[in-house]
Every structure is written in C-alpha cells, then in structure tokens.
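As structure tokens, here come the structures.
Each of the two complexes below includes chain A, the first together with chain B, the second together with chain C.
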Partner chain A sequence: MVAETKADWFRPSAGLARTWLNRLAPFLGLILVIVIFAILIGAPEKYLSLKNLRTVLAQTVIVAIGAIGMTVIIISGGIDLSVGSAIALTGVITALGINAGWSTSLAVSVGILVGGFVGVVNGLAITRMRVVPFIATLGMLGVARGVAKGIAGSQTVNMPETWANDLLLTIPKQSWMLVAPGVWIAIVLAVVAAVVLRRTVFGRRVFALGSNEAAARACGIATNRLKIYIYALAGLLFGLAGVMQMSRLRQGDPTVAAGLELDIIAAVVIGGGSLSGGEGSILGSMIGALIMAFLRNGCQQVGWPNYIQEIIIGALIVFAVAIDRWRHSRMAIA
Partner chain B sequence: MTALLLSNISKRFGPTAALAGVNLRLDKGEVHALIGENGAGKSTLMNVLAGLMKFDEGTMEVDGDHYDPSSPLDARDRGIALIHQELSLFPHLSVAENIMMGMEPSRWGLLDSDALCARTLEVLETFHHTEIKPETRVSTLSIAARQIVEICRALAARARLILMDEPTSSLQREDVEHLFHLIRQFKGHGINVIYISHFLEEVREIADNFTVLRDGRSVATGEISSVSDDELIMHMVGRSVENLFPSRAPASTGRETVLEVKNLSSPPALKNATFELKRGEIVGIAGLMGSGRTNVVRSIFGLDECAGGSIRVMNQSSTQSATPATRLSQSIGYLSEDRKNEGLAITLSIADNVTMTRFRSCSRFGWLNLSRQRSRSQDVVNSLAVKARSVQQPVASLSGGNQQKIALARLLHQQAEILLLDEPTRGIDIGSKAQVYKTIADCAAAGKAVLMISSYLPELFGMCDRLAVMSRGRLSAIRPIDEWTPEAVMQAAIAGEGN
Partner chain C sequence: MRKIFFLLIALALVAAVSCNRSGTKNSKKLTIAVIPKGTSHEFWKSIHAGAIKAARELSSPGAEVEVIWKGPLREDDREQQIQVVEGFASQGVSGMVLAPLDNRALVRPVEEAKNAGVPTVIIDSALASQSIVSFVATDNRKGGMLGADRLGELLGGKGKVILLRYAEGSASTEEREAGFLQEMKQKFPNVELISTDQYAGATRDTAKRASENLLNRFGDDVQGIFCPNESTTAGMLSALQDIGKAGKVLFVGFDTSQMFVDAMRAKQLHGIVVQNPFNMGYLGVRTLVESLKGKPVEKRIDTGVTVITPDNLDAKEMQALLHPPLDEYLK
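Moving on to the complex of A and B:
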C-alpha cells in the first residue's frame, strides 16, 4: 500500500516505448527516403546496388566527420559556423605540405592540428573574450577563409600523387575494404565519439554544460576550460574533414566547402540535436548526414536539377525540427 | 554544540542595506526556520551563506571555525549546500548523473557507471527514496521528485548544513509530507537545516527554533513552540505606516463598475478570483510571492490563458480571454512586476518606451512623427518628474526609480482607464516611491480605476480603498481597508481566509 502511493507520487511520464520511438525517428526517416527514391527511380536494384552505396557513403564522409565534432559542440549548447572555412584552410595547408616534400603523414597531421588550433582560438574567443559562439565562429568563418586564400595565393594547390589521394576512392585499391578507407575512418571515429559522449566524465560534462550551464558551474565544473576542450576537439575533426576534402578534390582549394557548415549543422539537427543544448547523439547525426547524402544522390538519379535538391533539403531541416518541437511539447504535457 | 554562528552580518547593494545586522545561532541536528516578509533579506542571507555573495561586515563561524566562502565550491567543501527556489538540475541527464555531477567516480576518464549507480542508490536508500531510479532522466520526474534529487546531490556531497529557500512553494500537500519526512531523517545523520518559509503552520511542523528577519535585521529568535502565530506575525510586520502617502478623499459610492471578474482561473497558479473594480477607487491585492496574485492581472490582460470564469470590461459583453492588443484597445493598462524583462524595452529610448502602447498619438499612416513623439513623451515625463537629460536617452541609463516612472508614464500616455499595477514600487527609492504614489492617487482622483498588487503592506494600507488577499491561488472576499489590519492580512496570506 505504502509502496503504491510512493510509486504514484513520483510520476514518471515518458513511457519506455515512446523513448525508443524517439530514438528510432531519424532511422525511420532514412528508410523512408531510401524507399521513396527507390520507387521514384523505378530501379531499386540500381539505387541500392553496391556501386551506388559506395558512392553515397564516400560522399557522406566529409559531412559525417564534421558532424561528429559539431554534435559535441551543439550538445554543449554551442555552435560553430567556421567549419567550411576550417576545411578549406586545413586542405590547403596539407596540400602545401605534401608539395613542399613533407612526408604525407606529417602533412596530414599538421592539417589536422591546424583544425584543432582554429578550434582553440574559437574557444578562447568564446570564453576569454566572452563573445557568443555564433559571433565568434562567424568571425572565424571569415578569418580562416582569408588565411586559406592568402597562403594559397588565391589559387588551387596541386600536389603529387600520394596515399592521401586514395582516402575517398569510391572503389578502394584494396578490394577487401569494400568501401573507401575514409568511410571506415568515419565509422571508427563515430563509434569512439559515441563512447566518449556516453561513457566518459568528459562526455557527461558536455551534456551537463548544455543542459544547465549555471548548475554545471555550481557543481564545480570548470566550464570555460571545458568549452575550450570541446571546440579544440571538434576542430581536430574539422581538420580531418579538410584532409578528406583535399583527398576528394586531389588538390587544396581555398574556396571549397563554402556553406558546408550548414549541411553539417543540418545533419546534427535532423539527427535530433537541439540547438539549445543538452541533446543530440552521434548515431542520430550520422543518420542525418546519410539522409542528406541519399537525398542528393536520389535527386541526381531521378534527374531532378540541383535547385530541387536544395529546396527539398531546406524544407527537410525545418520539418525535422518541427517534428522535434512537437515531440517535446507532447512530452511536456505528459 | 554550535554548528553555525552568525554575528552582525550586513550587506549593502549601493544605497540600500539588504542585511543590516543579522545574528543567528544553529545547534547540531537542528532545523531552524528563517521567517520574514518578502524583501526582509532572507534570500540575500542564504546567498551569503552559500558563497554566492560576499558580505560586508560581521563574522560567520561553522563548527567553531571562521567561515568566509569565496565561491559556491568553497561553501560546498565546508559542507554547506543551498537548495534553490528554482531547482538547478540537468533536465537532460539521469538522476545518478545529476546527483554525482562534479564528483563522478571514474577511472582514466572513463565513467564508472556501476559505482555511479551504487553511490546514488546508497544516498537514495539511506533516505528511503528508492522509488527514484538512478537511471531515470530528470526531465521525466515530477517537481517534487526533482527536489528530492537536488537534496540528494547535497547529501552525496556530504553536506552538514542544508539551506532550503521556500522548498514547498511549488509542492502539493502530499509532496510536502515526503519532504518533511526526509528532513526529519537528517537529525539522525547530524545534518542541520535552515528552512525559509512564509507558511507558519509548516514552520511549526518541521522547525525547532526560529529567527525572524525584518528589514535586514534579526528581530526575534527563540524556540518555535514558545511563541504564538500572532507574536510571530507581529515580529514580521512590526513597523508603522510611513508618512509617504498622499491624502485621498474617500471614494464616493455608486460609481460605475469598469471591470468585473468572475471565478477567473488559470491553473495551476490561479484557482479562483472574483472581484469588481469601480471608477475612482484603488483596490489592493495582497499575498505572498507565488500565491497567484500576479496571475490575476496577467490573465485579465491576456498574457496568461484563462481556463475558466469571465471578465467584463466597461459595459462590453463579458469574455473569458483576450489578447493584450484587445485589452489595450479597451483602455486597460498593465504595469509588469518584471521591469527589466517584461515591463520596458530597456535598450530603447524613453520616447519609444512611453509611446509604445499608443503610437497613434504621434504617427500618421504608419509614419512616426519623431518630433511629436519627443514632445508627447516629454510632457508625460515632466509630469512624473523623471530625472533624465533627454527623452532620447536609452531607458537602461536611468536609475531603477526613474525606470519605474517611465513604465508608469507609458500607462499615462496610453490614457488607460483601468490600471493594473503589479508591484508598482518594487526596488525603487523613497523619493520615487512618493512620486509613484502621488501619480496613482491622481489617476484615481481623475476617475480612473486602479488595481494594485503589492508585497509591501504599509503601501496597501496607505493607498487602497478596498483590499483582498490572495492565498494559494484563491482570492479572498474584497473588503474596505478599514476592516483589515496588517496582522489579519498576513494571517489570510499565510493560512487562507477564515483559518
């Protein structure tokens, strides 16, 4: 009897089934997109062929790696608009390094570290100068792009053939790999990031920061230092995305990836990330990135022009967030 | 043995003294009630104790040692934890993560989830709240359960003194029982509690000793069982009405009723309010913060959704809810208690703020006539004796008192016939107060109807013709001011009418 009243007063509201439905929502969206285009194209066997899957996955890698970093930032309640520029900058630097005769691994490492450095600068601007993330990274969007153009002399940087060019080959040189090496790198990183977010002190503090910053500070968390770590870590991932971009183009292009930050943010948001912080998952963001890649690829195969893709993806972002809001208000009422 | 000793603590904010000599003594295993009116300095004292604010003078001792916390962390290390009125939890995280945040068990950065759950369970079990599961997401818990989680966080940090600031204000009665049950267990664990509340019956139920704060001073202390409610209330109120208020001719009878509110409700805060307001009179609503008094005016003005009841303005047909735009067109003016966030557009100019609700006075076909906007607002600003260089100055550059006058000036410029004033003198200096009182009295004399909400009893007694008291969402019958005494108002606010 006593146990009954106790169970009653504590009133948990969201049922287990609904929680699972929420987790599955992006996944169902992905399946829906694939099914719709398989029907529209009229040749599902072609759309779902290994060849096409390889293409789509290779096309997803850059956005996916960027989205891993962005997910961490968005969960912490921040945003990073400088990703596109950071990708261009790190791509150019890596290409210049290979051209200068550095070993490929050194050039790639330097490229990634430059991405991390850009993140540290963002983090310092946000914490030390107390500029909100939106503005701080908007500034970096201009600065990093400018630096990329400056050191590349406003031209593309061509480079000799190395293994760095093979990262996003649709059909990998080693046939046992099945898909491009970059796809495997992205998968490994996604798994590691998911574990870090879920199972480490750092990861849970990222959630705490985004959920209630004042309470996090009151719990003795050094919130400023944590923010710098977050932007630096994400920056390293953006640096790697820059290397991937370079590999795909087979050259360093200082004008590449303009606007890519929006695709990356869209992937996180479609995957259930909340721009007000505290929510988001790596799995969701990866599915978000895949949804966009399958949409683009599907539109091309149906033969729709580019502008239709843009309209559909734009509408999809708004739609995904609207569903998310609706789900939240339902949960609040319950 | 003395667990906490405060002597002569004082704290000033600019010219106003929030604390002006507080003495308090707390023994081991004691629940100590801190009581006093709104603005008596209770929350400031809690913030000082929890290391959120520095104090100016006085000394504090914890367990006989000097205590002067430099930060909330410092206070936590000394075993002092504050349970906020607004809970500070992480809604997206689990119960266990909330309780252990900042001191997570881990190995090489990897979270030890088993230890995390085990330590959380240990705390929950010690205090018999095993119905809360460590892995539950906090956003799915009820308010009452969230409060338990927050208290458990303090317990997990080995707090020896827990400060609770009005912990029951958002709880249902049965949840209050759970909370009290928890507090009673603290005694056996040697944990002390300072318990802030307005509700005397709760204080009697849970506390051993009490201290009354009034105007930042500790004015009475002792064993709770040795005093009567009346004595406590006298200590809380205990001041004379200052000579601040303009003399007013008594409102003549038989005037036109301009606002008629019947059985208005807007759950959960507002359960029932019925009253009418006539031309030329000032009606006051007293009540504690969170009693639902603000919700009355917000519902009338269309800012809160009404669930039931009716509102009749002038002689128009009665409605249940309307938008603020409709209410403005019906000549209702609203002064928010939250000047900075809701009352004023703080970065805009005085002229913009004053004319905002009636741009009509200085525009044609949507085009603002800026020179007319300036002269119109200058007129009103002059009549209120606002200290400002020009009406183009941003409102943010004014003092609190002058900001409040601008908020009131907007209602005058709007030519509102019905004035809904929520805490019209909160946080402003005496000079500005007198000006605000005079303006309100002038409005009533000019045949406008005024509804005034206040926590400050002398102001209600000095200004109002009739008064009603709000208690836990219900508005008492409205009675002429002569039939009330400050003690009766406090009694009604604390216990509800007729108790």
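Moving on to the complex of A and C:
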C-alpha cells in the first residue's frame, strides 16, 4: 500500500486523476470548513474579509512552520513530541540574546540554531542510544521546557522593541506585503521543503526510510545519519517557530506552547501524513494547519464555547484519518 | 467518493442554514466580548455573572447590550488568549473587557484592536499600555498585605512561614506576593520566611504537586502558609489534608470556593482574602458601555478586597461575597 503511493510519484500517467483527487481531499476539507462557517456566521463578507484572513494567516504561521519540520519527521517514520518545549526554549534564548545587546539577526540566528541543536540531541538519542522517537522526544519535552524555565529564571523575558517584533504583525508595517512577513516566510519555506522532499535524493531517502527502514538500509542508505539530519533540519524549523512565537508575544515566555506539538502533529495527520511513515505532503500539512486555524476562528465568531471547538477538532482528526484509510483500501482494490 | 463529498457538503449546508441564528444586526446593539484568563475557576464564573448583570441593567429596548464570554482554549496560554482577542477585533465587536494573562504579551493585540476601532477595558490584572479605556481591578498589593496581617497576628508575630507563589508572569498574583512579603517583613520582623521562591503553576493539580514537594521538605518546621490565589490555596489545602497536617498549620489563602468555606468551618483554613469578582465583571462591562456611550470614565477603578475568617464567616456581607448570585445570571 505504501509502496503504491510512492510509485505514484514515479508514474505520472497511472491513476493521475486519482492521485490529484487524493491530494485535493484536504483542500476540499478546508473549503468545506470555510463555507460552513461563512454561512453559520451569517456574514461571509466579514469572515472572508482581508482583516480576518490576515488574522487567521498570522495565527497559523507558528503551527505551519512547525508542521513543515514535523512532516519530514513523520514521513521518515518518526515523531517529535518536544516541539512545544523547543519553541519555548528558542523563544526565551532569542529574547535573552536581544536583551544582552546582541544584534537582532544574531539573536534570531542563535535561537534557530538552538532549535537545530535540540533536534541533533533528539537524533542522537534515537540513533546512538536506540531510544524510540516517541520516548526520546517525550524526554526532550521535559528537558527543553525545564531548561527554558531555568535560563529565564522562571519568568517571562521582556525585551526592547526590534524588527523581530514585527514578524507577525497582523497588519504589516509595509502595506505592500498585504500579510505579515512571517506568512511569506512560511510560504517560501513550505515551497522549498516540498521541492526538497519530492525532487532531491535527500527527499527520496526520507520517504524510503519511512516506508521500509530495513530495505532502505539494505540499499545503502546510512539510516542513522539520515535520521540525525532529519531531526536537526526539523529542529531548525522549530527554532524559527520559536522566534515567531516570541515575536507574537513580544517576550520570551518559558511556559508558552505547552501542548502545541499535538496541534502540529494533528495538522500533519489531517493533511494526509501517516504516523507509520512513508506518507505525507507539505501542502497537505499546510492545509491541515489552515483547517484548524479557520475552525478556531470560525467557532469563536459563531460564538460557540471552547469545549465545542475541542470536540470538533478532535473528531476531525479521526475523521480525516478514517477517510484517508478508506481511500487507500479503495486504491488497493483498484 | 465524489458522491460522498457532495453529500457531505450538502448535509453541512443544510445544517449550517438551519442553525444560522444571527439575524439582521441592530445598529444600536452593543456587543461586548468578555475575555477571562480561563474558564474553570469559580472566580471567573463570578466575573461572568457580574458581566451579565451589567448587560441586563444597561440593556434597553432597541439598544441591547450583549455579552460574549470566551476564554483562551488552553487555560492560561498567552498565545491562545491573543488569538481570542484578535478574533474579536477582526469580527468587529463593540468593545472588549479583558483579563490579560500577561502585562506585556497582550499589549500588541489590544493596541491593534484599538486602531481597528475596538476599545478595551482591562480587568483583574494590569496591562502595560496607555491605550485602554480603564483598569478595573482589586488592589492586589493591599490584598497581599491583608493576608500578611492575618497570618502574622495568628502566629503572634513569630514562626516559620511558607509563601507558595502562583505562576510566572501573572501581574496580579505577583503584586499580592510582593504585598505579603513587604508587610510581613515590616510588621512582623520575627517571622522567618523559609520558602518564598516556589511556583505552583496554573492548575490545582500542579499546585498540589508543588505543595506536596514543599511539605515534604519543610513539613516539620512550617507554622504558617500563605497562598496567593484560588488554585494554589486549593492545591495546598488538599496536600495538607492528605498528609493529615490540615488544621495543624496556620493557613491563609486567597479567593473563595465552597471547599475553602468548609475548610474554615473545620478550622483547617484560618482566613481567606477575598476579592469581589462579581463586582469586577459588573463594573468592567458597565465602564466600557459608559465609555462607548461617550461618558467620561475613571482610569483606575478599585473593586474592593476583604478578609474572611472563621469568626466572621456567617456575617451577611461575607456571605454575599462568598456566594454571588451565579444561578440568577448564568442559567
């Protein structure tokens, strides 16, 4: 089943329509969500106004950038539960750097690199210490959160005004940008990641690793080194997500983003990623992130209480995966 | 497969149309969004009830005041609260009454909302911004000082005391903690503060764990305890009850709940400093509506703080503070 999905990339002629339908499925879901809420709210022009779209897009950026990294990890057959903590840690470090008088670009780079370092540690724990990814990153979830609180002195780290604060302004300072600069950064990263995954040797190896690790190793792929690269690369993205989080809060907050890893994993899964590896797409994950953001925004504007929102998103995850399974079984028969 | 999708869309549309409840909007109607820090504490329910009371009083035919109540999805998560504020701003409510989770992090969304024509009244905890209509809250420093007075008097001016802090970055509880420490040091110099640097975290559950750890370490020495809000007081109380120390240690808490009243009757809790959240919700909405109608309003409004002890527990005014008329407004 897994091999067949993979084969689709190589054989564009075979079942092209079906492949496209598969890829469009999350997109149809997004449109469905938007249409339903536009009607429920009773004022589609408000829900789809530039003002509201800007807000939703800016709110999606952190989950979206995290989901790019998570997609690569999940395709490779892994998982990373430490994202939320890594975001808090890198945000705190960037804020501390700015406070220490570093130039903003240096502080931001250090923040991103610390994210990469967390990823490398995860990768080493998984390969060298042979701890399964779930446990290794579960451990890191605690460690990174603790380190963040420790270096922040158990307080939020406030910092002077810099350009880093403007990354996720819902109404960007340069009006030609239309949406927050962070939204553009996320879009560019998503495109780059999608190309890397589909068109490069590295990307092919990630899919191979997630589809069948033993076979990948037998084909001569250095799977351990590849895993470390994957977690490091994703870590850099989580570091950037941390910088974005800091930008939104205008402070380094060691308690922020607790539980965000679940939103990010949900975005990947709604977008067609499979936790057993070998499947997933960046476009799908981005749409997954957007679906959740529009749902949240919509539920609020309809005036539904939070618990309904949580129930809907929970049900949606299971529903999305069920459709995915069903589609696969149909494909297997065909 | 395509059929199923169309079927789903059709179903969804039918469902959507049939429960479309927002009709034509009256231009005179005021929609006030009230955004608490969380929704599960009893404290916030009182604020909700007070806000609804104000809305009912201020509504007149043709010019209704509607209160929308919406907390952050994950309790005490700043990012989530920012999203709620942004959502209301882009939705275009008439105004917001906000209890900010952080005095800095919420500045940007509140100022962006103001620029979009949505003014904000801040309640409960301060916001480091001048772009607000008014700040309607308890004098938290005074609350902490009253707590220190009560505990100091109970101890007779000497003994070993623990302060269990609430969570990092919460302005209101930090004020209480500072007020408590200041008053304790000045008025009761012979009281020894043996632990003042532990944070309880956001929930009763985390508070209970932090309390257990503290009691394991200092349980044999401690003679007095102060906690600065509902969740820390509740967590500490149940930790004390679990190890059979409740009643043996002098304990002053903050905020109200039925659990605290029972504990005071059982002499396990020896005083609570209470705010008037019902009044806070009421005055928050009232101040905002007055400002929206063009009346001048005070920049700082105090909503009052009182100490309830096992002795004055049954007085009428204390009962009114302990049992705000929630059922009347939240049903």
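Of note:
To be clear about the criterion, the second predicted complex is superposed on the first by the 319 of 334 C-alpha atoms of A that agree within 3 Å, B and C clash if a C-alpha of one lies under 4 Å from a C-alpha of the other, contacts with A are read in each partner's own complex, and residues count from 1 in each chain.
Here is the rule we use: a residue touches a chain if its C-beta (ideal position, glycine included) is under 8 Å from a C-beta of that chain, and two chains touch if they have at least 3 such contacts.
Every value quoted in this text rests on a predicted model; they were computed, and no experiment measured them.
By the touch criterion defined above, A:A214 lies against chain B but remains apart from chain C after alignment on the C-alpha atoms of chain A. Taking chain B and chain C in turn and counting the residues of chain A each one touches, the greater count comes from C. When the two structures are aligned on the shared chain, A:G101 is found in touch with neither chain B nor chain C.
Common to the chain B-facing and chain C-facing surfaces of chain A is no residue whatsoever. The residues of chain A lying in touch with chain C in their complex are 21, 28, 32, 35-36, 39-43, 46, 49, 51-52, 54-55, 58-59, 62, 149, 152, 154-156, 158, 165, 169-171, 245, 248-251, 253-259, 296-297, 300-301, 303, 305-306, 309-310, 327, 330. By the touch criterion given at the top, residues 3, 5-7, 9-14, 199-205, 207-208, 210-212, 214-221, 278-279, 331 of chain A touch chain B in their complex. Residues of chain C touching chain A in their complex: 1-2, 5, 8-9, 12-13, 15-17, 19-23, 39, 68-71, 73-74, 76-79, 82-84, 86-92, 102, 104-105, 107-108, 112, 116, 167-169, 199, 202.
Residue ranges on chain B touching chain A, taken from their complex, read 72-73, 76, 88-93, 97, 101-104, 106, 109-111, 113, 131-132, 136-137, 139-142, 144-145, 153, 174-175, 178.
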